[in-house]
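Shared between the two complexes below is subunit A, which has subunit B as its partner in the first and subunit C in the second.
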Partner chain A sequence: MDLLLDAVIFGLLLGCFYAAVSVGLTVAFGLLDVPHIAHPAFLVLGAYCTWLLNGYGLDPIVAGIVLMPAFMALGMAVYRFYYETFERRGSDAGLRGLAFFFGVVFIIEVGLILLFGVDQRLVEAAYIGKSLDIGDTRLPLRMLVAFAMALILTAGLALYLSKTFTGRAIKAVAQDETALRLMGANPVRIKQWAFGIATAVTGLAGALLIIIGPVEPTIDRVYIGRTFCVVVLAGLGSMSGTLLAGIILGISESIVLTMLGASWAPAVSFGLLLVMLGIRPQGLFGR
Partner chain B sequence: MATELALELIIENVDAGYGAVRALQGVSLRVANGETAALLGTNGNGKSTLMKCVMGMVRPTRGTIRLDIDGVTHDLSRLSTEEIVNIGVAMVPEGRRLFPRLTVEENLLLGAYRPLARADIAKNIGFCYEAFPLLLERRRQLAGSMSGGQQQMLAIARALMSAPRLLLVDEPSVGLAPILVSQTISKIRELKDRYGLTVLMAEQNFHQAIRIADRGYIIVHGEIVFDGSVGELEQNDLVKNYYLGATA
Partner chain C sequence: MTARGYRFWIGAAIVLSAACVAAAVVKNEYYFYAAYVVIQFVVLATAWNILGGYAGYVNFGSSAFFGVGAYIAVMLIKWLNLPLGLQIIAAAAVGGTLGFGVGLLTLRLRGIFFSIATVAITIILETAVINWRFVGGATGIQILRPPVMEPFESYTKMLFVCMVLLAIIAVAIARHIETSWIGRGLRAIRDNEEAAECTGVPTLKLKLAACAISGALMSAAGAPLAMYQSFVEPASAFNLTYSVSALAMPIIGGTSHWLGPVLGALLLGSVQQIVTVTVSSELNVLVVGVLLVVFVVAAPQGLVGLFTKVKDKVKGN
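This part shows the complex of A and B:
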């Protein structure tokens, strides 16, 4: 019984972390309809940049925040390139877009391997390796830090999307670009900005990824199932849904891990994804 | 110190089309300050194309589209849709084009996107809810889940949120039951008077459109075949025979 309670508590923390690594995709795929399968690769890129900055003694969270403007610029540049070469040219943008982002994944993975090799990388900080003991339950501090950051990130993004003019335009842009133009907003600029924000948030989430555990160049393959599971489970584009879906995935994985063993854990995300698509394709919070 | 507030839309000799298809030929039209002009004609005669030309969504191949606002002249045929919205032109598009998965209130707030409208957003949303009490009641409902008539009201309210000087309304009657058409047209008149708007409305329902219009333009196969005051329009033989269904 204690074992199960521990699994649920750990799953809750893990789940908030999953939400944090998925919010960027909620914006890019959920709101903008961009088939952004390079999202986890950007996450790993963020983790490696954090690792580099940590080598100069910078705290990983601070490093993640410092990275945000650079990732914003990267995201805007990638979207512009995608728009000019693919999206603008036609109706089958979805499929060709997949090819484009698959190429981006390949470039990032190979680039990281060439530059840094295939070894696992870690960061150092005061809160890594310590834990908080509450009764018999042991909560690693690094999980608590990631948990707190995840809540701040999700809440911040949700507020931005609902309370600002640009945020509301981001929510509307994929629904009717012509109508948005009639409101006085340029849809391409809105999408480019939104993709920049999604990438900036992913850069910071990359810092959380390397705080949680060691990172190697191809770890993005584990996260593609998880992030897409969370975004689809949430209902495309819902921020509060993303948080709840992350927690559902975290707790399910954690329980499966405890009861059935580690080899079953990766199946959980794809399993949940399939079940959700089968019974409620619009997701938990789908509109 | 009174400033002269005046507005005039002047369209001269406009040709426009889609590829090889000519949709407009030598169209000239004027909408004076405070006037309601009705662009009349049946489907496929170029009404919507002309509206889109004014909004910068279709580029004329010839001719000029000018908007004079308070002594400043804007060449609309060179501006983007966003820029045209920013100088104070709003359009209620054909088929309404709401954001279906956003709430009523989110749709209205997006209407106030242009910088000049943001300052007065609280006041304007208050006016919209006063003019359309139903929208206040349903402000948390998704726009896509409302009926056609309610959606048309929301589309008009959303356009007004940008505090426009010139309002274009493209086919407000499409897809509405007759009683709703009549209500919608009356509402446009009421709002026009209240906000001191200048209105250009494209409509195929003659009887309804001329109830509120000061001036009418009849467009057939991309050409203006008649223009005059509503009084003249009603007396015209062509109009009587073809559009008002009078029997000789």
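This part shows the complex of A and C:
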């Protein structure tokens, strides 16, 4: 019973982290309808940039925040390119856009392997390696830090989308692009901005990824399952749903981890995703 | 049969006899070892194109079918010690069934949802195999090759000829689909599924058929892997690089014509072999990724599209 309780507490922390790595995709895929299968690869890219900056003695979280402007620019450039080459040309855009992002996944993966090798990379900080003992439950401090950052990140993005003018514009473009155009706004510029925000958040989430554990270049493949599972479970584009879906995934994964062992863990997110797609593609909290 | 049909079968007969003659004459084993991989990609690319190119459903899970084929062969060797031919047929049957299941998913899922679902199937199957002791689990399994059959002098050569035969069968099936009413129906689905359904195209039947045929061919291509490597492990048999190659090759070659995947596979497969030997196996995945992105952006009709463009220009002037 204690084991189960531990699993649930650990799953809760893990789940908030899963929500944080998925919010970028919630915006990019859930709101903007971009088939962004390269999202997890961007996440790993963020983790490696954090690792590089950490080599100069920067705290990983500070490094993640420093990365945000660069990732924002990267995201805006990627969306501009995607728009000019696929969305604007219309026909067949779906198939080719998908193939494009699938190619980008492997370019980033192999690029990282060629630059840094296949070894696992770690970051160093005061809170990594220590743990907090509450009663019999032992909580690694790195999980708590990632958990707190994840909550701040998700809540911050949710507030931005619902309270600010540009944030509401992003939601409007997701709801009805034509109407926005009729109001005299330029949907492409808003979408470009939104994709930039999504990528910047992904950069910071990459820092969290390397805080909770070692990272290697092909780790993005497992996160394809986790991030898409969370976003689909949440019902494309819902922020509070993303947090809840992350926690559901985190707890189920951690229970399977305790009961069946680590080798079954990757199947949890993909299994949940497949069941969800088969039964209720619009998600638990879908529109 | 039309004149074109005769020409196709004569060409196929020439290719098959050339492969047999090469197996009898050429002494260097390595050429067959490398050519096997290239031909295997012809089968995978052609199979991918039946669903992805004609019907427009992007399958990211080619490696699932490929890995299932390889592991069906492993099971049959361990259980019953069946010969290669039966392994391939059984793998095709199981792959076809799995494809049928994937086809049922298309009832509800399109676009990226379908693609993500195929990735999910790949990872779930890989995880299942990793946790299955009987077929070796995560560490993989060693396979002993039986003695080679007459008239072949080595096992690699026999597998090579076998794969060429598979490729010819795959291309013939793809070509038949493309030129018949089935291909027209699939293209209608790609362009507008609702409109196709409304005008009386049996969309579900066609999608199920395309998924099953495509899956059967991919699994058949995976079955000889056990014998080819004499060692199979889940991380390489289910590796997503098979998926990206199987998708990149038809897109680079051109998805609208059966020749496209064949061209793409021969070209990209050969480049991959050369890069693997001369530089590194990581770099060959990079080559696939970069070429895929370049073609998708700059030449969406692929090599076949470029050729027809050039031909039209020459005719026009």
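Simple rule for what comes next: the second predicted complex is superposed on the first by the 282 of 287 C-alpha atoms of A that agree within 3 Å, B and C clash if a C-alpha of one lies under 4 Å from a C-alpha of the other, contacts with A are read in each partner's own complex, and residues count from 1 in each chain.
Operating definition for what follows: a contact is a pair of C-beta atoms (placed from the backbone, for glycine too) under 8 Å apart; a residue touches a chain by one contact, two chains touch by 3 or more.
Computed from a predicted model, the values in this text were never measured in an experiment.
When both complexes are superposed on subunit A, subunit B and subunit C end up sitting side by side without clashing. Seen from the CA centre of subunit A, subunit B and subunit C lie at an angle of 100° in the overlaid model, rounded to the nearest 10. Using the contact criterion defined above for the overlaid structures, shared-chain residue A:A169 touches subunit B, although it does not reach subunit C.
Shared-chain residue A:L132: touches no atom of subunit B or subunit C.
Comparing subunit B with subunit C, more residues of subunit A are touched by C.
Legend: residue contacts after superposition of the two complexes on their common chain; A:I37 is shown touching subunit C, with no touch to subunit B. In the superposition on chain A, A:R221 contacts subunit C only, with no contact to subunit B.
Annotation: superposed on chain A, subunit B and subunit C show a minimal Cα-Cα gap of 20 Å. Chain contact summary for the complex, subunit A toward subunit C: residues 29, 35, 37, 85, 92, 94-96, 98-100, 102-107, 109-111, 113-114, 221-222, 224-225, 228, 232, 263-264, 266-267, 270-271, 273-274, 277-278, 281.
Residues 52, 56, 58, 60, 105, 108-109, 111-113, 115-117, 119-121, 123-124, 126-128, 130-131, 138, 240-241, 244, 247-248, 251, 282-283, 285-286, 288-290, 292-293, 296-297, 300 of subunit C touch subunit A in their complex. Of all residues in subunit A, those touching subunit B in their complex are 165, 168-169, 171-172, 175-176, 178-186, 287. Remark: subunit B residues 55, 57, 80-82, 85-86, 90-91, 93, 97-102, 106, 109-114, 118, 142, 158-159, 162 touch subunit A in the complex.
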